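Chain nomenclature is as follows: A, B and C, assigned in order of appearance, with residue numbering initiated at 1 for each chain independently.
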Amino acid sequence: MKLWEFTGHELLEKLAHQEITQEEILCALDKRREEVEPKVKAFVRIEKAPAPLDSPGPGAGFPGLPIAIKDNICIKNRPATCASRILEGFKPPYDATVIQKLKNAGFSIYGQTNMDEFAFGSSCENSCYFPTRNPWNLECVPGGSSGGSAAAVACGEAIWALGSDTGGSIRQPASFCGVVGLKPTYGRVSRYGLIAFASSLDQIGPFTRDIEDCSVLLKVIAGHDPKDSTSANLPVPDFLLSLGKDIKGIKIAVPKEYFSLSENMALEGITQEVNQAIGEAIEQLKKLGAKVQEVSLPHTEYAVSVYYILATAEASSNLARFDGVQYGLRAGAGSAEGADNLIQMYKRTRQAGFGSEAKRRIMLGTYVLSHGYYEAYYLRALKVRALIANDFANVFKDFDCIITPTSPTPAFKLGEKIQNPLAMYLSDIYTISINLAGLPALSIPCGFSSGGLPIGLQIIARSFDEEMLFRVAHCYEAHTSWHKMRPKI
Amino acid sequence: MLSKNDVARVAHLARIDLTEDELKLFARQLESIVQFIDKLKELDVSSIRPASHTPALKNVLRPDTIKDSLSKEAVLENAPKSLKGHFLVPKVIE
Amino acid sequence: MEYEAVIGLEVHAQLKTRTKAFCGCLTEFGAPANTQACPVCLGFPGSLPVFNEKALEYGMRAALALHCQVQGFTKFDRKNYFYPDLPKNYQISQYGLPLASGGFLEIEIAGAKKRIGIIRAHLEEDAGKLIHEEDNSLVDYNRAGVPLLEIVSAPEIYSPDEAYEYLASLKAILKYLEVCDCDMEKGSLRCDANVSLRMPGAKELGIKAELKNMNSFKAVRDALNYELKRQKEVLESGGSMRQETRLWDESAGKTRPMRSKEEAMDYRYFPEPDLPPFVLSDEEIKTIRAGLPELPAALKQRFISQYGLNSYDAGVLTSEKPLAEFFEACLRLYPRAKAVCNWISGPLSYELNSRNAGIESLKLEPEMLVRLIKLVDEGALSNLAAKALLTEMLNSGRPADELMQEKDLAQVSDRKALDELLDKVIADNPGSVRDYNSGKANALMFLLGQAMRLSKGRANPKLIGEMLKKKL
């Protein structure tokens, strides 16, 4: 086994026993990257000398261990572009709180990963740099928006990585790339330094190759941050204690709007192979002692609408600051004169700086907030959001977790959905509600399509009960070997 | 129905220059998205309180204590144009 | 035709916190451009706001003092519009659920009291400052993110003089509460005015103009006077008003329409997702209310009834809270209200005005003023000399006795010394002595004046008056 094939906790153990050195890890990753990066294109920026950049403090648990970071998380004095031309040349003068925490723990920041521009997308095709490809099949997308982080971890270019999830941007690419991806509870991880897409939905979370790494990484980045008013002031449990437990008697709900428990009755839109893989995973969980029962989340059909109203409205406002005044791209005012001069500078900068999907979402968000439409769309969406959250609360009165497919399909082909925004939006149908309700959820590999593409199982728990996610997922992982599969590339 | 004029009005609000082709494309695409999200109108939400924030969070405040500002250089370092310690923009006419 | 003027004022009061509304940058006036800014107030990507607890407290104090209902549930919204002084191209403000609403302010106009309604008071962040040059504009974000309380009056102000009184009363209250410096020159108090005319008795409001760019209370009054005259002329010549924003040009003494194209603003307000709401319990509101100081109108009334002051003197003494406190501190040491009042509203106020300073910035302790007044009352110091001494005391911060010795200003009541002094005056002015003796009473005044001059103002005037008459 090559060094890049090991997980983070395995490498830490080897380092602790002085079987390997940190230089050897970096060297192995470099070599792996040289082999596969030209094909996968997961990174938008690589640190040339990925030495431990910041001397870890005493007791730092992760001496020099490299980690890849999505390009929308600020690292002091390094570019952060959100894969958008409009942030060309921008170097934040500060570290995101998660970066500060990683540095304190001894991590070295190894490279920044590709994404859909401003996290707008589900395929990593909306990047101003290049599309990232799925390591399992280079014709396919890695998912998005955190496609670069997912692909890098899947093909061994990174041990682990951080992404962000607003409507599925961690879980869906994790599912497409056959890795573990976690969206923590809203408020569990500080958003300070995450370039906002939709402030009320965004969370930073880890990509790893197994559940133990996921729990280890969450422990590092989680916790109350006085710089983020939406950060929860709650203690962070020792997630490792949730691992290795059985799941006998755990009550699992399967919402009928997401998945049909009756055999050969796949829901519309879900592929037969996904249906089968999820069905088998549920059988496995039953075998392990879980009690599985069908439930209803009656407002599921409204989730995509609510999401695209709220997320684009917030985005239209969050992205207003990209105007050519303080940082990033700036276009000239052209031939405009007088009072039009400034307005033209704004308009041309934003025309040149934003890609097509960003423009589309800013337009939609502006529209739903504009005079005469606020109540019909935005306010109504806020109310339906409350109904959706309430659906989940009702289920969690009687159940410990909920299980669904992460995505109705395995990875699709590049170009397949890029011309049809609505079809692309619908690929997030199983992940979106979880952000609307603020709940924690993870995606774990649970099978493959006949074409050799990974399939992911989504586990959802109560707010701030990531321990339940880890407990169920770790138990499942211990009795399956999907997470050990590596793409042949 | 979203007209090209509606799209142009929104584009002006959002301060984005759109080409004629983009105007047409967005009018069509936004129209289909708006039709889709119109689904929400099926629901009677008159008695529902809007969920603008996570219910558990409230009264988050910081003490009135001083934190270091950035240096002037750091403030302006990313500026596309600056002059005499200020950001420079096309003339604003009041 | 006599039209009726209707005015509403929107006042932005800068809350006197040490740091900005949502970050730890200083709020000091006059710092070099862009030196009080950080990722948060610059709206750098990824930064997040956290609200300053003092700004909330000060906002509540002001709202309660203006008799507003403070809401138990309040939140921030985003007001979206593009402007280069707005770092994020949205302003964090309050729209749907403002901090407070439904209050009033009492003013005194021509001796009568009048209540002006306060529609709402809400918290928001300030924008940066634009400096216009020939071809470009420069932006300084030092002010961006400074906490403001916007106080919106009802359209119940019916003349420029009432507007002036409203502002003066509001300023006095905010200063008493110690929540705002109220310095219009430094921009810590700003005022926009909505003004329109209507037929007397009409219910509907006329079409209004919004006036901006007024940098003093006087400018507000002048701009309103000008604008009312202008509107009257337009209406009387058969024209019609159009709703517009007009800028006051101080040097020209005119308002002019803004040159930028006016478009119907669509601010696309929505709840600020980065800031959770505030739930203010009745207990908290009660605690803040209980901590409010005695406000100027009430204090003035008390000074009149408790100390027998006239309305004018009471008004002067309560114009600034520190002055009123100084007055009462003096009274605790020396309860002769009339004398203390005369010294404070007279010579001391004169000194403060000429120094353009408040009592709190001077090195004058109540003990020091009281000692000075006592010296006069005991006859040890003449009034004239005491006034000169007060100037010295304020300059040096030293006590009266010490300065009196040093400057040799003690009043001379020693009969032998005065005897000699008067002999010299009589000897030097034989003509006036003759005049007096031939019945010209004025001559006595002249001779006394000479005596005072010769004694450098130190001679006890009462004593030399008696002694001189005897000698002649």
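By our rule, a residue touches a chain if its C-beta (ideal position, glycine included) is under 8 Å from a C-beta of that chain, and two chains touch if they have at least 3 such contacts.
Computed from a predicted model, the values in this text were never measured in an experiment.
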| item | value |
| --- | --- |
| Chain nearest the overall C-alpha centroid of the shown protein atoms | B |
| Chain located farthest away, centre of chain C as origin (C-alpha) | A |
| Approximate Å spacing (C-alpha centroids) for the pair chain A, chain B | 23 |
| Whole-Å separation of chain centres (CA-atom averages), chain B against chain C | 40 |
| Length of the line joining the C-alpha centres of chain A and chain C, rounded to whole Å | 56 |
| Touching two or more other chains - residue numbers and ranges from chain C | 39, 42, 50-51, 82, 84, 137, 139, 259-260, 266, 268, 271, 273, 275-276 |
| Overlap residues in chain A, where contacts from two or more other chains coincide | 90, 93, 200, 226, 229-230, 316, 320, 323, 325-327, 339, 342-343, 346, 366, 370, 382 |
| Touching two or more other chains - residue numbers and ranges from chain B | 13, 15, 52-54, 57, 60, 62, 70, 87, 89-93 |
| Residues of chain C defined as touching chain B within the complex | 17-19, 23-26, 32-39, 42, 50-56, 75, 82-84, 130-141, 247, 258-260, 266, 268, 271, 273, 275-279 |
| Residues of chain A touching chain C in the complex | 73-74, 80, 82, 87, 90, 92-94, 96, 191-196, 198-200, 226-230, 313-314, 316-317, 320-323, 325-327, 339, 342-343, 346, 366, 369-371, 374, 378, 382 |
| Residue ranges of chain C touching chain A (in the complex, touch as defined) | 39, 42-51, 78, 80, 82, 84, 87-90, 137, 139, 259-261, 266, 268-271, 273-276 |
| Contacting residues of chain B [partner chain C, same complex] | 13, 15, 52-54, 57-70, 72, 75-76, 83-94 |
| Residues of chain A defined as touching chain B within the complex | 89-91, 93, 186-187, 200, 226, 229-230, 232, 299, 301-302, 304-306, 308-309, 316, 320, 323-330, 333, 338-339, 341-348, 350-351, 354, 356, 359-360, 362-364, 366-368, 370, 376-377, 379-387, 389, 421-422, 425, 438, 463 |
